[in-house]
Amino acid sequence: MARVGVFICHCGVNIAGKVDVARVAEIIGRMPEVAFSTDYKFMCSSPGQKLVADAVKEHGLNRIVVAACSPKMHLPTFQKTIAKSGLNQYLISMANIREQCSWVTLDSDEATEKAIDLVRRQAKRVAHQDPLEDVAVAIEKTAVVIGGGVSGIQAALDIADGGRKVILVEKSPSLGGKMAQLDETFPTLDCSQCILTPKMVEAAQHPNIEIRANTTVKKVGGYVGNFEVTLERRPTCVDATRCIACGLCVTKCPVRDVPDEFNAGLGKRRAIATPFPQAVPAIPVIDRRYCLRLKDSLGHDPKSQEDLGHVPRAKCGACEKICPAGAINYDDKGAEETVKAGAIVVATGYQEMSPAVYTEYGGATYPDVLTGLQFERLVSSTGPTGGHLVRPSDGKEPQTIVFVQCVGSRDPSKGHEYCSGICCMYTAKHALLYKHHVPSGQAYVCYIDVRSPGKNYEQFIRRAIEEEDVRYIRGRVGKVQRRADGRYRVFTEDTLVGRPVSIDADMVVLASAVEPQSDAASLAQTLGISYDADGFYTEAHPKLKPVETATAGVFLAGACQGPKDIPASVQQGSAAAAKVLALFANETLRKSPQVAQVDSSACTGCLTCAYVCHYSAIEEKQVAGRQVAFVVAGKCQGCGACAAACKNKAVTLAQFSDDEVFEEMMR
Amino acid sequence: MSAGWKLLRREDLGAFLDELAAGSELWVPRRKGTRWDFDRYEKGTDTTFPGSIVEVSAKALFFPRRRPIARFNPKAKWSVEPVELPSAPRIVMGMHPCDVAGVRYMDRVFLGNDHPDRLYEAERNRTTIIGMRCSEMKPTCHCTDRNLSPDETEGMDAVFAEAEGGYLFRALTNKGEKLLGSSLLAATDAQPATREWPKGRHLVPGPDELMDLYDDDFWLEASDICLTCGACTFACPTCTCYLVADEKFGDEGERVTAWDSCQFLSYSRETSGHNPRRTNAARLRNRTLDKFAYSFHKRGMGSCTGCGRCVLICPIRRSFPQLGAKLKERAEEKKARVS
Amino acid sequence: MSAPEMAKDPKILAFLCRWCSYAGADLAGTSRFSYPSNVRIVQVPCSGRVDPVMIFKAFVEGYDGVLVAGCHPGDCHYGTGNYHARRKLAVARRLLETVGVHPDRMFFTWVSAAEGRKFAEVCTTFAESLKKFAGRPKTLAREALAK
Amino acid sequence: MTDLQQKARELLDQGEIDALLAWKVDPAIDDVRPTLFKKGDDAAEIVFDERCVHNLANYLPTLTVRYNRVGVVLKGCDGRSLTTLLIEHRINKNSIVALAPACEGVKVNGARAQKCDDCPTATSPVADYEFGTRKAKDDAEFKQLERIEKMSSEERWQFFSEQFAKCRRCYACRQVCPLCYCELCIADQPEPRWIEPSRKLSANAMWHLVRAYHLAGRCSDCGECSRACPEGIPIRLLNIAVEKLVREQFGARPGTKPDELPPLVTLAKDDSDEVMEEHL
């Protein structure tokens, strides 16, 4: 027989100001189930909790109802309280008489009547609640980090230093991500690669880190502590175990004009290549779309056929001949492996928005109208020009340069509604770099607002304006016109003085927006995490859970969660690592007991429950010669779809059983 | 008590029924859609009586499908009060012998022990049964194989039969006598026509022979096509199984009995989940044996009255009489084998 | 003890998913958006947990209207629960309509954790639309206790 | 001997099957009755005509436990039930042999059954042997629904409350339904009492709603529920009301595709959102 104790909270005046709490306590006290009922000013205060704890002992209570704020607020508090006083922590229920009564009801008599009824229902419900134990799940103490950019590298290193194994998955041939493409970094102007490559090397040499380059995540099964991640390596045709990274193959490759992704399409590379000199791993990769030996054997789409148009079709094989290690394998079919992992860190970064939609700026059409990333490559010593800042069109030094801000950012009509956050700073940096390359030249920045939060950021902007005489013009650029003389006229407006301005420039740099990777959505679905309207991954709580996702065991780091600069990305990498290490610090994982269970004596084995289970947590099982359904508690997330689908109620969802819902809904 | 018959002229039937209805609730057969059912007689409605069974047994008049037996209310102190017993006098007219036999059997079930069913008792006490002799036997009728006859009067307070120009009535008990005092009834020497009724079409082995067939695989085969739908049990005038449930209004509510059926899988399911009658065969056997064997052992009277309602209602037109006959064959075979 | 009778407002039973709609109802509270006091909220982990049997039973219990709310399509905390819910609710509605429960007695919708105002509005609109049934016999509603 | 009888005989004689479930005339009732044939010689007694109204799929789960391999004669609707029974693991396909004659429609109480006008597949979708020619059929129109659809809510309740009031809760509708096979029917569960067991309008209505819901997207419209009802309640109306919706909104035709999961255990993100938003 249930002996329910009911505790009505005044919440100061929040509840008591509207609800006659004494009356509620008095009337509820008459319920047959209720053995004790009282009210108090602040139940969540320590005297309030003591009141509960003492009453449990004094009145031999075995079920508790706290009528106060939303259970989302204080249920855990009171669970701990009653646990301390020896009751199972799940033998409690909260009546939400603040958010859902006193705060939303105008008339105080109505509020009181409603409160009485809300408490009555919880008292009825709690009498049908069962003691529950958390589900213990073993933890596979290996982390999979998806994305080898600076954020992913940071996460991997921190986890590895914490003594846990890491599998670092990178889609491209090398670690490094966007940062590897950068020349120098704001606001310190220290060399990007100089600070990144050591970390890449450290990751490569770390005993706890395994790198999987050219690899993507194909499938994710399992659940926190026990994920099964299926990795797919695309065919590279170079056996990483044999390759000694001598680079001879690259020098011998006859196909010399493959657009170079690493140089943002500015330079050319071979059909077999390492993306850049400091690549980690330094294993070259054959690009099957261009390799003479392989292109025929592939079903090509017409487009890539065009790319190959003028290349002499021959049975090549140069790299294979020259390779001293016999590492070339044209028949490479790629590989698939499934790894077990307890946690997943998603650090897939961002991509630079193509300015092609901005035809008025000639983005992607005019040779000397570049994107931010292209400019980085152009001034980089490892870039296509070896660090000489010249115009792609005629190789001349640009005497005048215009930087156009917010191309694709803060522009719902053509681009994205959000601010890409980093453009203001990297544009200022570009302007400075330009001045360092062309001291005599003039740089203009057309901006809407200059946003420079962050340590020493504003000073950095001032430095550009004051020391290097970079002209900042406030106004959105309307048009970039290519002139007959090969120069570019930029039409804009100076909104501060309110008159139209036009600048003749030799080069225009568009600060293209940061946007989610094109495959962000599909990866999200593979991982079972959610993403926002812009396509960035959603954190569990914008303030309190910045690197968690709604899916336990999957964490976020870097720009895949939203535009970020390097410091923020690194911070998140470390934060995610900390979360992973915290998780791995436990021997087993305590999971909410809110899981489904099958009464095999009532189960017909139709497996309807299994069909509706989003987590494949329900399996078949033989019991007494009958095929019945069986819930894998570790996998079950407690949504209750199965409980709702089972026609003869053989499936019960703990904490939301039919019994409990029934008692709560009955009038 | 006069043993003689009284004649009611057909044209006076309405008036006579009105007289009966004046004193008490009067229930008579009424055609509803394709079949006959019992209905409360309303003054002045013209009424006819079917010559053979009323498809829907009068069982529900004595043993309703839903019977509140107690009310409970936790306000202040828990209180549980039994329901008021019905006492308004009632006449049920036009029950045929097989249906009345059903009531006789129910008497043994509900009243034949130390703790009689008060509700049933009350229904019985307030009721006077004016039975009706059958003028025909339907293909499904087999009362004559069940020690019963279309002319059987046992259990009736009065009986009537179709006759030349009207109906012949005859009182069988004092209760019945009281109802036949009407001036519309004239003493007569006429006798209801008697007929020789067919017999022995569907004889069933005796209780003990049947028990010998308990483990016979006959049941398995017989159950092949049985849906165990329970329609037969609800139609049967002697199926009296019920379940007890509390129907709540908040914490207030009433405890009710509701018809149940041994043909349902849930009927014999135990709390543990174990079910001694999981198979159709087990359930079919239970019902058959209850009609032809257990009833004899427990109540000294077979509980199949040969009304054939089970045949009429069965979705697959399964014929229990035939089943019985098959059992007979099987019993004979068995005997032959033994000797 | 049965619920206090309140003739004033129609009685509404609301099944709210814990992650979106229940939080939305909480937000209505923290933002002090008032709504009729006869709404009774039952928290479920996911709209997919709502078994139409519960909805049928609510009408038998004598509620004037039943409200079901869950996360917007695509936002289900459990991935697809609300898609399952949508199908079940469509069937439930069709059945109830067929036997004569007026469609306006059912209100199924999506309410996110950010939509406190929407929740309050939904409750108010629903309660208003239910008032037209005042005095009319409740379809399905359970027979009163014979006294 | 008809092809059907011939094949039946063959299968029995060659021991392909241990028993064959079909129909046979019983002179005593001058009607057909489902019958289990064990001997090839009896095959000649098999009948298949408009009297063969029973849904034989209902027997298979039990029979396939008793016999290794059971032959069964199936109408289109019976076959659709069988499909769902297979999907829901009631039966192992290997333990049955389906004989599927083209069905011309059946009669109930002397009149052509309503369900036959709405039948989407006259020949069983599960068929090891077919007889007659498989007719392509138009989608159901569910004519019987029209008069309900014309009614106002009040009129509908008027109609159905009268029907439900008659229900004696004998559950014949449940037992004759091949897809009502729960170990412990929700109507028989004491805690919680979703459906009160006693016979009163609200409880009866609850039963019929739940029953129809549990068949949603599964019902093969064999019409047995209506036929078996001792009180003549048009139970089938509720089923087809749902099937119409399932067909229109989820594009599902229960039982017609052996490899298709029932619509209520699958989902589609692009389902109409009307049911959720129509009030806004």
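We just call them A, B, C and D in the order they show up, numbering each chain from 1.
Simple rule for what comes next: a contact is a pair of C-beta atoms (placed from the backbone, for glycine too) under 8 Å apart; a residue touches a chain by one contact, two chains touch by 3 or more.
Keep in mind the model is a prediction, meaning the values are calculated, not measured.
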| item | value |
| --- | --- |
| Other chains in touch with both chain A and chain B | C, D |
| Identifier of the chain whose CA centre is least distant from the whole-structure CA centre | C |
| A-D compared against B-D, more contacting pairs | B-D |
| Whole-Å gap separating chain A and chain D, where each centre is the average of the chain's CA atoms | 50 |
| Chain centre separation (chain C, chain D; CA means) in Å | 33 |
| Whole-Å gap between the CA centroids of chain A and chain C | 35 |
| Residues of chain D engaged with two or more neighbouring chains | 183-186, 194, 200, 264 |
| Multi-partner residues of chain C (each touching 2 or more other chains) | 1-3, 57, 74, 80, 84, 88, 142 |
| Sequence positions of chain B contacting 2 or more other chains | 74, 248, 250-251 |
| Graph class of chain-chain contacts, one of line, ring, star, complete, other | complete |
| Interfacial residue positions of chain D with respect to chain A in the complex | 88-90, 181-186, 189, 191-192, 194, 214, 261, 264-266 |
| Chain D-facing residues of chain C, complex | 52-53, 56-57, 60, 73-74, 80, 83-84, 86-104, 107-110, 122, 125-126, 129, 139-143 |
| List of chain C residues in touch with chain B within their complex | 1-3, 142, 145-146 |
| Chain B contact footprint on chain D (complex, rising order) | 26, 28-29, 31, 33-36, 54, 58-59, 62-63, 66, 109, 168-172, 174-176, 183-185, 188, 190, 193, 196-200, 224, 227-228, 230, 232 |
| Residues of chain A touching chain D in the complex | 601-608, 611-612, 627, 645, 647-650, 658-659, 662-663 |
